[in-house]
Amino acid sequence: MQDAAAGSIAGSGRPRYAYLGPPGTFTEAALHQVASPDTADFLPRGDVVAAVDAVRTGDADFAVVPIENSVEGGVSATLDTLAAGGGLVVVGEALVPISFVLAALPGTRLSDVRRISTHPHAWAQCRRSVAALTPGAVHVPATSTAAAAARLAEVAAERAGVHEAAEALGFDAVLVAPHSARSYGLEVLAADVGDNPSAVTRFVVVGRPGRIPPRTGADKTTLMVQLPDNEAGALLTMLEQFATRGVNLSRIESRPIGDELGRYAFSIDAEGHLEDERVAATLMGLHRVCPLVLFLGSYPRADGARTQVHRGTSDAEFAAARGWVEGLRGDGAPA
Amino acid sequence: MQDAAAGSIAGSGRPRYAYLGPPGTFTEAALHQVASPDTADFLPRGDVVAAVDAVRTGDADFAVVPIENSVEGGVSATLDTLAAGGGLVVVGEALVPISFVLAALPGTRLSDVRRISTHPHAWAQCRRSVAALTPGAVHVPATSTAAAAARLAEVAAERAGVHEAAEALGFDAVLVAPHSARSYGLEVLAADVGDNPSAVTRFVVVGRPGRIPPRTGADKTTLMVQLPDNEAGALLTMLEQFATRGVNLSRIESRPIGDELGRYAFSIDAEGHLEDERVAATLMGLHRVCPLVLFLGSYPRADGARTQVHRGTSDAEFAAARGWVEGLRGDGAPA
Amino acid sequence: MQDAAAGSIAGSGRPRYAYLGPPGTFTEAALHQVASPDTADFLPRGDVVAAVDAVRTGDADFAVVPIENSVEGGVSATLDTLAAGGGLVVVGEALVPISFVLAALPGTRLSDVRRISTHPHAWAQCRRSVAALTPGAVHVPATSTAAAAARLAEVAAERAGVHEAAEALGFDAVLVAPHSARSYGLEVLAADVGDNPSAVTRFVVVGRPGRIPPRTGADKTTLMVQLPDNEAGALLTMLEQFATRGVNLSRIESRPIGDELGRYAFSIDAEGHLEDERVAATLMGLHRVCPLVLFLGSYPRADGARTQVHRGTSDAEFAAARGWVEGLRGDGAPA
Amino acid sequence: MQDAAAGSIAGSGRPRYAYLGPPGTFTEAALHQVASPDTADFLPRGDVVAAVDAVRTGDADFAVVPIENSVEGGVSATLDTLAAGGGLVVVGEALVPISFVLAALPGTRLSDVRRISTHPHAWAQCRRSVAALTPGAVHVPATSTAAAAARLAEVAAERAGVHEAAEALGFDAVLVAPHSARSYGLEVLAADVGDNPSAVTRFVVVGRPGRIPPRTGADKTTLMVQLPDNEAGALLTMLEQFATRGVNLSRIESRPIGDELGRYAFSIDAEGHLEDERVAATLMGLHRVCPLVLFLGSYPRADGARTQVHRGTSDAEFAAARGWVEGLRGDGAPA
């Protein structure tokens, strides 16, 4: 991943990566899988849309943003900003195991915790554990897990004591990544407070088009597909375009088109690469039957799992089929 | 809707409705479509899960919570808490047109606005308008739109001036429903700041099982369906259960099962009622081919649109088909 | 088979079997698999329609007729007469390996053979071998293989010599079953003259309704299904009724409906028995979506191969699904 | 049709047409639609296979043979000989309305008719009418309708009287086309004796490859497709190749592969021409998923009905889809 991304801006100096910051977010952890701060610039942004827009405006070469979580599902802001056009594409992905700690300013006792700040997705993933640890504690939303930690540390520095800081902030503890608690000098009141110990978040690296990473045999292709209006069976027809060519889906999510209830587009990750014949054929089929198809990138899978090729769908079989039909046409041109 | 719900707790006094509060939320507006405060108790709760749990624990008879928005899509907390079991069912729905105002304490000028508090979904729906009105303003998340307004009003009451209040709160304006701005005594700095003027949110009324509202001919049935593991084409197989019986879907959303990436359940609204033969047949088909199917209720549609019945899928045609096969079996019993 | 058929007319004396005769046909060989001349009456008929009509008129209890050959395909007369109504059903089947000899009156030399009489299906199955043995010999059609042999024997008895007989008949050799050549006193000029040594013909035992043989777990069900007019995809829709319930087809043949080109009905053998839930459900589905479905019988397979039951399609799974939906309806009756 | 066929052997003298003879058959009537005896040689052959083989050996340029009848269905000999390889293709078709007369030597009375000779397909199409006219009369098979008439005329010329001729022949009347009765000097005992007054037979013109007639927009493509062994749903998978590209079928017939019962190939007429993008794409799909696909020709429809082009399946839409994907690949080549 690192090579492909770095290579794509070869000759242009240090690559710049916008990401959902501040430092200490899970997104930053994902970014470390993709690039090193020694050779790239890391540019924290306040939300997903701002991070992606930095690529659109040219302030960054890439953006690293969460796209789905194994517990909370798709990240709507990411799905929608990619779909909103402007032609950005996904050029890579990274997987980050998610674990949370309940942390506070040193001196805080667990029994004192009444109000807990964190990103809503984090809150959703710790709800049961937190209810057991701190019965009755309420959620104070933050724009990111690290933002809550940063704010706690910052206010503490300005005030005399823990209680004053909490009073000023409106919360007295945070749910954050373990490394984030450390880097902001917070005290861990409880570790491993995520309800699902195997939670994983998947992040994508977004770049400008013209940079499709080469096919590796273990690739994904991300699409946004709009269905024809008011057609019973339209979803089935769309999915058959994949099935007929033996292309598996690894993710599918509906997103409202936005104009009225009941009209959806689908965000899809398909197994394979634009350079695979079966993926190209599927895209052509979708283009014919759907009012809108956005190609949002082909890129190597983070888990390296090679695409299973079903009988009749290898490149060789596609080429043989095309050769056969071309032979029929060529041999049989009208006299 | 009101009658059905009221009827279902006949004899037990005033029905109690938990909802995503505080007063002034769009959810409260939905609740007013469903019940009147004159004859029912309205119980505000801090989040969707708490509102639904109030029904589980018996503190409320019903909960009114948002399930999808025409711009932002599905409300994960609602979808997931319904799917989490405990056997609650949807018994009704309501549609609320969504419009936002940017509001602040009297005396605040638009040009002063730097930090805006609201629910993340509301922020997402006003992003472009707000960026134009108050360039550079940032989002301060709140648990609901009305909660932000309430907190602003509450702090203002305690402090000498607007600036002090804003300083104490960490924000100086809110994005809320117009009626909410009025009821909290805020001043509207800009009206109609939603990016999509036709935005609608759909709410569901959740109750305990044993209360399926009667069939009206304009009904919906809500399901959660898990797919077989690791099967290419499993989604297609599932959707064919609907298509074969002529049952249309009005909503489909994937939700992670939670154990690992790439495993999904689907939250589905199908047109029709459990008492419709084609819906019952579809449910039986799903039960056979899917590892898990949750029936989450049949209830009248808020828009009153009657279900289109395709050829061969009316109750009469199902009954005729069954009668024919029973006749074959009966006439032809082994000698 | 023998028991079921005998049992089905219990108490009414010896069962009577019409068949495509005369004695010596492959159909008679099939009949010997089904019944014994010691306990049943064998009634030869001149063609398939006459044999089946004998059941319709009550002159016979059963008819044994060919339905398909592994080389020549479906027997149109049988498919069409069954489909023509009158409510006959298939109650059993038999498989007969097909082998042919070229036979003539004693004294005939192979090199003398110019004209060969046999049933057109037999001619088609021996064409290549016969062309090699007797180059230039032509076909003289007969209504059955045995009819050709019988006529040869009969005329020989009336005439002085071989040449006179051949002259009178218009042919000098026949293609028949080996036992048929023997029984008519013919000399075998060449054995095993079928082009395909593994040819098999399948015969059905046709009876009046009211006699469905009991389910054995290794059964077939025969249907005739008409498609909706002028509908692209109608065949696909029809086949999906089987696929959705996991019912395999072992034979499918189009037959013209008869009124104009391009309108077809389909003659189908499906694996399973009317008493299987998945078969009954498929029949109900067909009844809803097709303008005409004829049930033409469920009966044990001659080869005894047990029906493969796919996941989710066993009787137990159908019953569980029905029980689940009935529970939902019962628990959830309108208050 | 005439031009295309004539053009295809331009410069080689008079085209030679083999056909199912003798003169007077319905096939000859079809041939008159395709070519004129003034400019082409008409070569009668004794059966369908011989007519087609004449093209294979070079004795003829084309063969005209029946392929399906609106009452009797497919003509197995034609379907099988085309499928047997040798690379012949269909280059045209003709439709002939079928009507029959019952004819005999002058002086024969209807009440005398005991034995009627004709082709088995003709017998099947007149069975009910003939049973009413001449109760108890039996069928004497002939290789064609005209062959029966010819034989009657020929023997009559050699014998003293009607009865002697009938005695010698073994039949006393024939079922033939009206013009055939006339040309053989027979007397019509009853006209319009076909059971279905709108019966039509479809004939194909078979030629050597290298002669695909140009696309007209009202074309058919004939295929023979073998299914994968032992695969439930294989037929569905095959049909989806057509449906996914919006290609309608006008005829589909199963034919045994010949090695054992239960293994079928399908003879298919699809709407459209090899030069249509959707047909070419369908052929490629079939080539990938089926073990054997034979292209048996694209040619103009006899009825001139233009192919209905469904949304998303025009050549322009295929070209646009291909251009879009090529653009994605080209713009996005690996850096």
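Which chain is which? They are A, B, C and D, in the order written, and residues in each are numbered from 1.
Note that a residue touches a chain if its C-beta (ideal position, glycine included) is under 8 Å from a C-beta of that chain, and two chains touch if they have at least 3 such contacts.
Quick caveat: nothing in here was measured; it's all calculated off a predicted structure.
When the contact pairs of B-C are set against those of A-B, C-D or A-D, over half line up by residue number only for A-D.
One simple way to say how far apart two chains are is to compare their mean CA positions; for chain C and chain D this gives 25 Å.
With centres defined as mean CA coordinates, chain D is found 61 Å away from chain B.
Shared interface positions of chain C, i.e. residues touching 2 or more other chains, are given as 240. By the document's touch criterion, interfaces exist between A-B, A-D, B-C, C-D. Listed in rising order, the residues of chain B touching chain A in the complex are 46-47, 49, 68-74, 76-77, 80, 95, 120, 124, 127, 138-143, 168-170, 196, 198, 200, 202, 232-233, 235-236, 239-240, 243, 246, 248-256, 258-262, 264, 310. Only residues 7-8, 10, 89, 209-214, 240-241, 244, 274-275, 280, 283-285, 287-289, 295, 311-313, 317-318, 320-322, 324-325, 328-329, 331-335 of chain C touch chain B when the two sit together in their complex.
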